[in-house]
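Each of the next two complexes has chain A plus one more chain, namely chain B in the first and chain C in the second.
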Partner chain A sequence: MSRYVASRVAQAFGVVLGVIVLTFVIARLIPGDPAVAYAGPRASAEELAAVREQFGLDQPLWQQFVTYITGIVHGDLGISLHTKQPVTSDLIQVLPTTLVLVGIALVFAALIGIPLGLAAARSQGTLGDLAAKVISILMVSMPVFWLAILLQIVFFSRLGWLPVAGQYDTALDSTSPLYSVIGVPVVDALLTGNWPVFASAATHLVLPVIAIAAYPIGAVAMVTRGALLENLGDEHIRMVRALGFSELSVFGRFALRPALNPIVSLIALVFAYALTNSFIVESVFNWPGLGSYAVKAIQTLDIPAILGVTLVVALLYVLLNLIVDLVQAIIDPRVRA
Partner chain B sequence: MIRVRDLQVSYGDSVVAHIPELDLAAGQVLGIAGESGSGKSQTALALMGLTRYAGGSVTGSVQLGGVELSTLTNKQWRAVRGRRMAMILQSPRASLNPTITLGALFGRTLKLHGVPRAERQARMEQALVEVVLDPQILSRYPHEVSGGQAQRFAIALVAALRVDVLIADEPTSALDVTVQSEVIDVLRGLRERHGTAIVFISHDLAVIGELADQVMVMRRGEVVEQGPTSQILHEPAQQYTRELLLAVPVIGRTR
Partner chain C sequence: MRTVQRLVAVIAAASLLAACSGKAPDSKPAPTNATFTYINNLDVMTSWDPATSYSNEGIATNNLYEQLTRSDPKTNKVEPLLATKWVASPDGLTWTFTLRDKVKFTTGNPMDAAAVKAALDRTIELAGGGAYIWDPVKTITAKDPATLVFDLKYAAPLDLIASSAYAAFIYDTKAVTGDLAKWFEAGHAAGTGAYVVDSWKKGTENELTLKANKDYWGGWSGVHYQSVVFKVVPQETTAVQMLQSGQGSFMPAVSSTVFASLKGAKGVTTEEAPSFQNMLAMLNTASGPLADVNVRKAVAEAIDYDGIITTVQGGMVKGTGVVPPGLLGYTTEVQPTTNAADATKLLTAAGYGPGGKKLSLVLTYAAGDPVQETVVTVMKANLASVGVDLQGKALAWETQWDLGKSTDASKHQDIFLFYWYPDYADPYSWFINLFRSATPPYFNLSYWDDKAADTTIDGLQAVTATDRPKAEQQYVELQKAISDQAVTAVLGVINYQRALASTVQGYVDNPSYGNVVFVYQLTPTA
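For the complex of A and B:
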């Protein structure tokens, strides 16, 4: 097991290094001059040269790369062109919001998707199974921007049940001032026991979370159903039935456990998908997260910020895949071998 | 012990097995022979009440010790499976859950059938001795043992449950010849020590001949011939049985 862990960690390092090289190269290949983007279209040649010198854009490519790598090692990702702040501190500020949003969506994916898939597999061929399938397909096939806007129209404009945008009702600031802990209102309010703000932040979370969680829930339900049905024909299932185990044990224990590996793999995959979707959802619901930051960075050709976002997303993805590999090895001993 | 009358297994409109009459006493071994698709495995599933999980249905009567099984509810069936009847399958390793150790499966099964925690370890070890397996095998996963070990483990599980009837569906077909005879020895021991009645299913009449007291030959879902082993093997009445016998390789014989 420890050898397996070591090899996985080594591979993860390799992937991260590859991502760093690749993003750096791609950023330099994009058409458009970041110095022009920074200094403005009417800047003189001298001003442009000054900007190039300030950001090291006049140096040879390999030297820029060495500077970049050295910076990363020291946690320095350069200065953002659009916020004029260090990219690292920008990311620390925006990342928690997105992680909370995506994290809650993925927890829902597991808590709703797996039981939904289990129920569908259990009632294979019935109307309930069909309903579960239709719901899953709808969830997977709805474009996230469309779903987000649809949710706003239905639950805000028509029904008026839920707020349309923002993280909490800022009118509460005068009566229940919020103290920042990690910079995400819903978590800060929970940690500081600020219940009025927590209630408001929770209601503000509902629509964005639904928008992001829809795809993961549907995908997890479909894969759970498929993986279970595939296992149900196996001889080991016939064996435990012949040994007298109840159908609850047969499904929930003996069929689900070998089926968990594809589900866990899928959760890592949909994490990447949910993260990308959060870029859109954050824009629609006006959330100051990684997505909004990335969109602004792309619009302003803010290369340090773009590279920083890419690196962080890649790191998160590699980290999650590492966790998935380890979880799979725990679930299924054949993975370790 | 087992009394079958007019058992019929069907999937939709097609009948895949029909057994007019079958009786098996305690400690007896019945061999069911036939090529693949002859309905022998479907008969095994029907005897265990598992046909419904494969999507089929069963009519007719199956009695175990005088109790009619065909009218049992799912819950009542669970008091029969693993307690009075058990089954071992063709692919010994594939019939064990890949994600749990053999010991975990063994322990859970004994727990399910009400064996007190304090007795479980002793019961497991005693059963493993009977099938000539080292108790260390309990900490292994199915992919870490050989096919022969896995099949002997499955038999140990059945022995520990002290069932009256064991349905063995092609238990030796996936194993090589030397391992086959080990498994047959273990089954013979099970019958002698515990008086377990065995339904032994195989396409191989030679293997059946080593163990069975009576043989039933099936083809396309119907019983072709039925009788004492020596009679079926040496004086087969039906052409189909003779063909099956000819399919058995015998050293020194040329066709």
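For the complex of A and C:
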């Protein structure tokens, strides 16, 4: 097992290094002067020269790369051309907000998607199975941008049940001031026992969580159904049934466990998908997370920020895949071979 | 992707608004603690230093700080602000400003001549952002606490310059004893404006909140907004829903389709006004096929200017010369004309068209700008009708400009599409930047090199300061020369399309200050 872990960690390190090199090279190959993005569209030639010198943009490419790698090792990702703040501190501020959003969405995806797939498999060929399939296909195929706006129109504009955007009702700042712990209102409010803000923050979470969770719910349900049906035809299930185990045990213990491997892999995949979808969802719901930060960085050709976001997303993805590989190795020892 | 998003946004906004049309409720006085919420699609504060600030933050800083004067394009006059009167010497080289009495900075220090001199000296010394507007100034002298004298290197319209939306703020340089720039960047302000900073939470939805400056020299009699919130909402459909639900007061820019659907919607009023920003197609006068003036004229005549205005659905109004309406030198004597038959003749004479060479032109424009995308589509069709193949290249501004100002002429485009706007209400900026020859090129992206025009341009500021009718005439003559030489095609003047909550009363657009709302001048109603 330790050799397997070491090999997977080494592979993950290689992937991250590859991402760093690739993104750095691509960012430098894009035509256009990042100094203009920093100094503004009407900057004088002198101002542009000063900015280039300040950020080392006048240095040879290899020297810029060495500086960048040295910076990464020391946790320094450079200065954002847009916010004019260190990219590392920007990312520390926005990342927890997105992780909370995506994390809750994925938990919901697992809690809804797996039982939905299980129910569909159990009632294969019935109307219930068809309904589960239709729901899953709808969730997988609906464009997230459209779904987000639709949710706003229905639940805010038409029904008035849920807030349109934001993290919580800022009018509460005067009556129930919120103290920052990790910088995510719903968590901060929970940790500090600020129930009015917690209630508000929880309601603000509903629509963006649904928008992000939709695809993972559909995908998890479909894969769970497929994997279960495949396992249900296996000999060991027939034997379990012959031995008189209850249907709940047959599904929950004997069919679901071998089906968990593809589901766990899928959750790692949909995590990346959800993270990318957060770019759109955060923009629509005004959620100040990594997605909103990335969109602004791209719009303003903020290369240090773009590189920082890419690195963080790559790190998260690699880390999650590593965890999934290790979990799979525990669930199914054949994986280690 | 953007097209799909816009389409979805339009459908969503249309369905959202369909059920909301109706007459706005009658206005009643608002509670005394009314808040004005400005919905912006980008971060508000990118810089806090009033000396070097030169970006989006102008929408906030113009409520925190004041200038000596304020430009009013409606009257075409410069109005008093922190200066109550001013006089220029006959040669335009000395300007004496009398300051408003008993005005204090929000720090508590008096706003007197010494303080104003210190602020402007610092702005000039830092030389960042729009500080170049003070280039004509040789020295500033605080003659007495109420009198400030500017001695200039060359005559210039200092009353106009002092009204600039950037780099002309008067601030307290003694706000702190330590590093003033660092103090500003921490989210502090030290102006004389009607509002002071209440909170700044970078990266959050309600990025900036201002509250009333209780000691404001204008006083607080009557009904005014007591606080201002700058809310960052990137998505237009979300912003519109906020405005309609009363969570917002003002959207500075609404897309044409959404703007049309908002007209008559309950709880919302719409405003449109021409800006000082125009869209220009700079034709390459130095290299490539457009170096031939007849080919340039043919291209200019092939463009369907009215068609462009119709297609952008209210996003632009038709321009005349280079100077937009409301500014010195605006003229109707220069008119863009469309004449496809004449264009074909000119092209044939230049050896292009049937039996001749094939003419292919490269046009660069800003990627992601829907108005420019639309205009390029129209131009491509217009030029195709006279046998010219127009290749539109959408580039990031940084890239577009980088190629345009390259010292290597082979990298230059045939047509450079972009917007221009002045830093203060004066047309000089167009001429000195876009039509004055310069090597290497910077913003003169037509690469026009006309010594007579250069001489006139170099003298424009002095003439404006001393003899405005003559300056007006010179601006008109220059525009005629630019039109005769087909140096640029004026494709239109940007039309501001704003949306306001119907509870906001007294809004007047001032194109000299871009998207700024002077909140103190508004009256809230319930």
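In this section, the second predicted complex is superposed on the first by the 337 of 337 C-alpha atoms of A that agree within 3 Å, B and C clash if a C-alpha of one lies under 4 Å from a C-alpha of the other, contacts with A are read in each partner's own complex, and residues count from 1 in each chain.
What we mean here is this: a contact is a pair of C-beta atoms (placed from the backbone, for glycine too) under 8 Å apart; a residue touches a chain by one contact, two chains touch by 3 or more.
If you're wondering where the values come from, they're calculated on a predicted model, not measured in any experiment.
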{"item": "Touched partner set for A:Ile137, first chain B, second chain C, both or neither", "value": "neither"}
{"item": "First (chain B), second (chain C), both or neither touched by A:Met1", "value": "neither"}
{"item": "Which of chain B and chain C A:Val66 touches, first, second, both or neither", "value": "neither"}
{"item": "Partner chain(s) touched by A:Pro34 [first = chain B, second = chain C, both, neither]", "value": "second"}
{"item": "Contacts of A:Leu319 with chain B and chain C, given as first, second, both or neither", "value": "neither"}
{"item": "Chain B versus chain C as contact partner of A:Arg241, first or second or both or neither", "value": "first"}
{"item": "Chain C versus chain B, contacts on chain A by residue", "value": "C"}
{"item": "Touched partner set for A:Ile149, first chain B, second chain C, both or neither", "value": "second"}
{"item": "Touched partner set for A:Val9, first chain B, second chain C, both or neither", "value": "neither"}
{"item": "Those residues of chain A which chain B touches in one complex and chain C touches in the other", "value": "none"}
{"item": "Residue ranges of chain C touching chain A (in the complex, touch as defined)", "value": "4-5, 8-9, 12, 15-16, 19, 42-43, 46-47, 54-55, 128-130, 132, 202-206, 232-235, 237-238, 241-242, 244-245, 247, 368, 395-399, 401-403, 442-443"}
{"item": "Chain A partner contacts - residues on chain B that touch it in the complex", "value": "48, 50, 53, 74, 78-83, 86-87, 89-91, 94-100, 109, 112-113, 141, 143-144, 154, 157, 161, 167"}
{"item": "Chain B-touching residues of chain A, taken from the complex the two chains share", "value": "234-236, 238-247, 254, 257-258, 331-334, 337"}
{"item": "Chain A residues touching chain C - in the complex, by the definition given at the top", "value": "30-34, 36-37, 40-42, 44-45, 47, 82-85, 90, 93-94, 143, 145-146, 149-150, 152-153, 156-158, 164-167, 170, 283-286, 288, 292-293, 295-296, 299, 301"}
